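These notes are about the structure you will find just below.
For reference, chains read A, B, C, D and E in written order, and residue numbers begin at 1 within each chain.
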Amino acid sequence: MSASAILELRDVGKVFGDTVALEPTSLAIDEGSFVAIVGPSGCGKSTMFNIIAGLLAPDGGEVRLHDQPVTGATGHVGYMLQKDLLVPWRTVEDNITMAKRLTGRVNAADRSEARRVARQYGLGEFLRHYPSALSGGMRQRVAFMRTLVTHQPLLLLDEPFGALDAQTRLEMQQWLLQVWKDTERTVLFITHDVDESIFLSDRVLVMSPRPGRVVADITNPLARPRTVDTLVDPQFVTIKGQIMHLLHGGTP
Amino acid sequence: MSASAILELRDVGKVFGDTVALEPTSLAIDEGSFVAIVGPSGCGKSTMFNIIAGLLAPDGGEVRLHDQPVTGATGHVGYMLQKDLLVPWRTVEDNITMAKRLTGRVNAADRSEARRVARQYGLGEFLRHYPSALSGGMRQRVAFMRTLVTHQPLLLLDEPFGALDAQTRLEMQQWLLQVWKDTERTVLFITHDVDESIFLSDRVLVMSPRPGRVVADITNPLARPRTVDTLVDPQFVTIKGQIMHLLHGGTP
Amino acid sequence: MSTRETTTPRRAGRAGTDSVARKLARNVGVPVLSIVLLFALWQGIVVYFHVAPYIAPRPRQAVLAVTQNWSTLWPLVLGTIRETVYGFIVGAALGIGLGVIMAKVPFLQRLVYPVLVLSQAVPIIALAAPLVLILGFSVTPKVVIVAWIVFFPVTVNVLDGLSHVDQDLMNLARVYGAPRWRTFFQIEIPATATPLFSGLKIGATYAVTGAIIGELAASDGSSLALYQEHANTNLNTAAVYGTTMLMTVIGISWFLLVVGAEVFATPWQRRTVARRRWRRADRSDEEPAR
Amino acid sequence: MSTRETTTPRRAGRAGTDSVARKLARNVGVPVLSIVLLFALWQGIVVYFHVAPYIAPRPRQAVLAVTQNWSTLWPLVLGTIRETVYGFIVGAALGIGLGVIMAKVPFLQRLVYPVLVLSQAVPIIALAAPLVLILGFSVTPKVVIVAWIVFFPVTVNVLDGLSHVDQDLMNLARVYGAPRWRTFFQIEIPATATPLFSGLKIGATYAVTGAIIGELAASDGSSLALYQEHANTNLNTAAVYGTTMLMTVIGISWFLLVVGAEVFATPWQRRTVARRRWRRADRSDEEPAR
Amino acid sequence: GGASSAATTSITFAYDFPGPDFELTPVVVAQDLGYFKAAGLHVNVSFPPDTSSTTKLLTTNSAQIGFLTTTDMGVAVNAGAPVLSVANYSMRNNWALFAKPGTKLTPGNLTAALKGKRIFSYGDTWTESMLPFVLRYAKLKPSQVKIVTAPTGNDLTDLLAGKVDISTSTTNYEIPGFQGSGTKGTEVQLLGTKVGAPDIPVWVYAVTRSYAAGHGKTVKAFLSAVKRATVWAAANPVKAAADFSKAYPKSGYTNAYNLEGWKLTIPFLTNAQHQYFTQTTAQWTTLAKALKSIHLINAVPAPTTYFTNKFLP
């Protein structure tokens, strides 16, 4: 494995009854990189994340974080889903500090950090609002801040923008890249949207279903920062064509 | 107006309180064409559809169908939303014949047509299933068949595939083009997905919000039938760039 | 997005679907077991504390008090069932009617709702005597009391159900050009089936209690409540407990009947494929039988 | 997708948000109006049909029967309130406890649920006398009867609430490394607040009825129910109706108190911005006051 | 009996009705005038959950001395409850039929007055054992009248409202209620004893056999105190009623009602010989036969099974 790998999967696989959700898979993720995972529904993307997060025990193999085995253990990654999972009975500020509240006492420093992060990323006005008062995009941003303040170096984002409309989505993508640049985390990002996977990442893993496995590992050479023009960049279109063919075959 | 126009809007507008949902808009849609409408959230796309369907009375102007005024009247278009709106207590067959049941008696001919359409488009096995047994894509197909068998020449589709994952979405797009070809209807199709709007249409209307209005009317010269390769066609990329710039400005 | 609701795994995974035998065991066996345990507890207490028979009987005696007097009790049971059923039907009809009217006329809803809540806060036993005074010793006051108990959960649930019918679905019906009444019967009514049945089940559970209160307040001739009252006066506790069990059984049976009606009326809640229907005539182009 | 739930328009559009005055009129004025109408109807019937005072009093007489005997009634009312409140607290606690246990131990749920339904089908009046014999003449049997009525809707709703907590949210807590008990108090309990309060409100509505049934069966010489019973023997119908009103008012007040508690305990249901909190010490980096 | 120098004995007296009313006057007076104290007793009064649970309170030792109707005694003994009547409360039968003012109800027109009519009953054993005598006197079969039963109802309201034609009760409970209704005229009443009902006592004081065996002195002390109080209360009805009203101010009864009720009770407390409390073999035999004839008990036991006079003061 690369010396700078933060995460390593070694022959990690999972079978549910008759379904091979994830074939034994090996993988190394470089520290500080942004890796996108695309693949059709049911190809085992979420299963892989659940194994990394420690929610599911793999049938075999090992998960290593910073070269330490963490298979089946929780509490060492940031995790975010398409559902924002904000709790409606807490304010934005208290939702951001949720992880701390669930594992100990929230102290003044935690609250102050939550407020700082919220202000920095444009939600300072809404600290005392309940989530129900926010738009979908704002809610996802709060959910992401909640993930950020856990200070986990590795973030697993499972289709975080899947429920947003195209316009909001593009804004959120640009926002995410900004935050990623600021905070220097490692991001694993699941999406169904090929444009999104290319727009965001340094590297795209393409998966195929039944049995779920990684069929391609594509390095994305597109320059940063990325703008709307990136989407019509010839390099972008080439990678897109490549992925589309992997996903949908030559002709539909 | 063009002699072959099936639908014509003449200075149709709508204001809700302080919000100009739709500026007075004039528009003609050719019979048999496939027109996509893209625009950010809140730009009045659904409002326009609701006015055409007769659900909303416009503040002024006129809606003409086949050169007859139909402003504020219902019962003359097919209508389909992102939510499939299937009723869970009816089988697939009975959901398809829903419109007839709501306006009179469902007779043997109606049922037989429902079965024919379902078989033709790959749902013959599921006629006696309840919608809860179907996947999202299948449900949207049933919803579309329900719209088809009303025999309305004009179909209004408001983000019909917005809730589907990318893979299913592409399949549904291809399926829709097939059905459209078979049945020779006129389709007005709202979407947030620029790729989708170009992939499907003969013409793309781009709208801008506050006040909601049509800012561009783009003719789409792409050849049919369209495949996955269409998405990486240079013409496609050019139109996409054009629309992206209209929607998101030069740089984000 | 997958069709599963949950993205991350459940703690306790369930292995596949259950067999019919397992289902039966769960839905019939376990409730029977719990009732057997209840009887065992009762027997244990009576035996362990040497409770005198005129204070509390053993389960066997209570059951015998019913079975040995079945010819006397049966007409009384029928009477109680009649009151319960009539009252339930009146209450359900009233509840549905009120629910529909209140859903359709928002002002009436705000006006009537407080009175309905008020009606339930009135101790029903304080109400029985005045009702008898007004309605006499017929079956009517019992029917009114049962209906009084039943209508409320039905109204609340129907109102709630109708208020939550998808507006987009209602609008779709309008786009089709459907008249209001068809939309009501084809969409609003079936969409309200689940909350309606919840209300009916709550009402069914308490309906017999209403009938018994009514019987105590006024009986023309004999009644189950009166039989119990007499048994109590005669220190025949076996019969007292026996009739209480009988009343409970009537209540539970009625509840189960409503559950059965729900299962029958809402097959889409449990099945993926509709049952074959009787209507066949128009199925000329049906696929040949497999 | 917009944040509005409905894509197509509602038939009856509501113009903007309501003023405080309108809200007050709707939430207080209309209920008051409907109660005034109820009294008017009562007065009208008594006057129009020349109803004799020993059959039914006029509203004024019923109210006077309460106010003129207030010094006698007040301690009785306090007694009934005490029984109601104690019973409610016991019932609520039991209901929550059972709900939680049943949610956490599925086998126990299947075993106990039928017994709980059974408990509600037992006519509560048939139960009062045996309870008194077992528990004596203290406040206990009344508390037990009230609790018997209250616990059921609470249990059912808590169970339902806990069963519907988002599994993804529970899993997220696990990813954070949260211990089970923290997840329970920080996530499961607040997520169940709305159904819990629904159950409590149902229980509150019927709690007084339970207390009254208990008072009839287990009195130590004076109670509101007995006062009414004796007024009835006296043919003092004004007092009978008056005490019924009093009982109803106790019931409604308790119901409204629970509604109030809900409003207070679940501010996120009604507000977009949280109220200022007392805790200020740690707000050193708060924006300066505007 | 007399004052004992020994320490006070605490006992519980169980009434026959869930709440207090004027028939409790002797016990209240005994308490108030210190007769119990003088007899070395401290008496708590308790009320049963329903009109038939007093026996259960005695046999579970929740109460030591109880107030019962004689029919309750008959049924309890039949059910095997070891209870024993130690004194009559009243000596005569004041159960009666009632009709609306202005109607006619005499021994002479009884048949016409009852035939096909609705007769109210609380479903109590006393009414059920007396009605057959009345019907026999009127030469009516039970099927020729319509008996409506309302254990939680009110006979008088139903009578005045015309929901029934005849109501049944005892005179001391019926008349004060009627006077409180404000109805003009006099309620028509016909004593059961005038139309075939036996003139036997309605209420007694009872204890369990084991209590009688072990605490004879206490029973005797209780009865002697209560007898003093009964005699005093019969002589001073106004003061006695005031005493009761004071002891139970929150009962919901007016003092007028209590006074009227107690006054109407007085004539029935003694027999023709002006005797209080004394039970006879004949009264119990008559009662047992009546109960047997309506199948409330299955055998007529020896009268001594029911009572003893040996604790009488």
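One rule holds for everything that comes next: a contact is a pair of C-beta atoms (placed from the backbone, for glycine too) under 8 Å apart; a residue touches a chain by one contact, two chains touch by 3 or more.
Source: prediction; values computed, not measured.
Chemist: Could you name all chains that are in contact with chain A and with chain B at the same time?
Modeler: C, D
Chemist: From the C-alpha centres, identify the chain that is farthest from chain A.
Modeler: Greatest centre separation from chain A goes to chain E.
Chemist: If you tally contacting C-beta pairs, which pair wins, A-C or A-D?
Modeler: Greater number of contacting C-beta pairs: A-D.
Chemist: Which integer distance in Å separates the CA centroid of chain A from that of chain E?
Modeler: So the centre of chain A lies 85 Å away from the centre of chain E.
Chemist: Using mean CA coordinates as chain centres, what's the chain B-chain C distance in Å?
Modeler: Chain centroid spacing, chain B to chain C, equals 46 Å.
Chemist: Between chain B and chain D, what is the gap in Å from one C-alpha centre to the other?
Modeler: Comparing mean C-alpha positions, chain D is 49 Å from chain B.
Chemist: Please tell me the distance, in whole Å, between the geometric centres of chain B and chain E computed from their C-alpha atoms.
Modeler: Here the centre of chain E sits 86 Å away from the centre of chain B.
Chemist: Touching two or more other chains, which residues of chain D qualify?
Modeler: Within chain D, the residues that touch at least two other chains are 1, 7-9, 55, 129, 133, 166, 168, 171-172, 216, 228, 232.
Chemist: Please set out, as single numbers or ranges, the residues of chain A touching at least two other chains.
Modeler: Within chain A, the residues that touch at least two other chains are 41, 50, 53, 55, 81, 83, 162, 165, 192.
Chemist: For chain E, what residues touch not just one other chain but two or more?
Modeler: Each of 50, 53, 56, 60, 154, 157, 161 in chain E touches at least two other chains.
Chemist: Every pair of chains that touch: which are they?
Modeler: Those chain pairs which touch are A-B, A-C, A-D, B-C, B-D, C-D, C-E, D-E.
Chemist: For a test of understanding, state which residues of chain D touch chain B in their complex under the given definition.
Modeler: Counting only chain D, the residues touching chain B are 1-2, 7-9, 15-16.
Chemist: Sort out for me which residues of chain E touch chain C in the complex.
Modeler: Where chain E meets chain C, its residues are 50-53, 55-56, 59-60, 72, 75-76, 78-81, 118, 123-125, 146-154, 157-158, 161, 163-164, 296.
Chemist: Name, in rising order, each residue of chain C that touches chain E in their complex.
Modeler: Spelled out, the residues of chain C in touch with chain E are 52-55, 125, 128-129, 132-133, 136-137, 216-223, 225-226, 229-230, 232-236.
Chemist: Which positions of chain C touch chain B when the two form their complex?
Modeler: Spelled out, the residues of chain C in touch with chain B are 1, 3, 166, 168-169, 171-179, 182-183, 186-187, 190-191, 193, 266-268, 271-274, 281-285.
Chemist: Using the touch rule from the top, collect the residues of chain B that touch chain A in their complex.
Modeler: The contact residues of chain B facing chain A are 40-41, 162, 165-168, 170-171, 174, 192-195, 227-229, 231-232, 237-238, 240-241, 244-245, 247-252.
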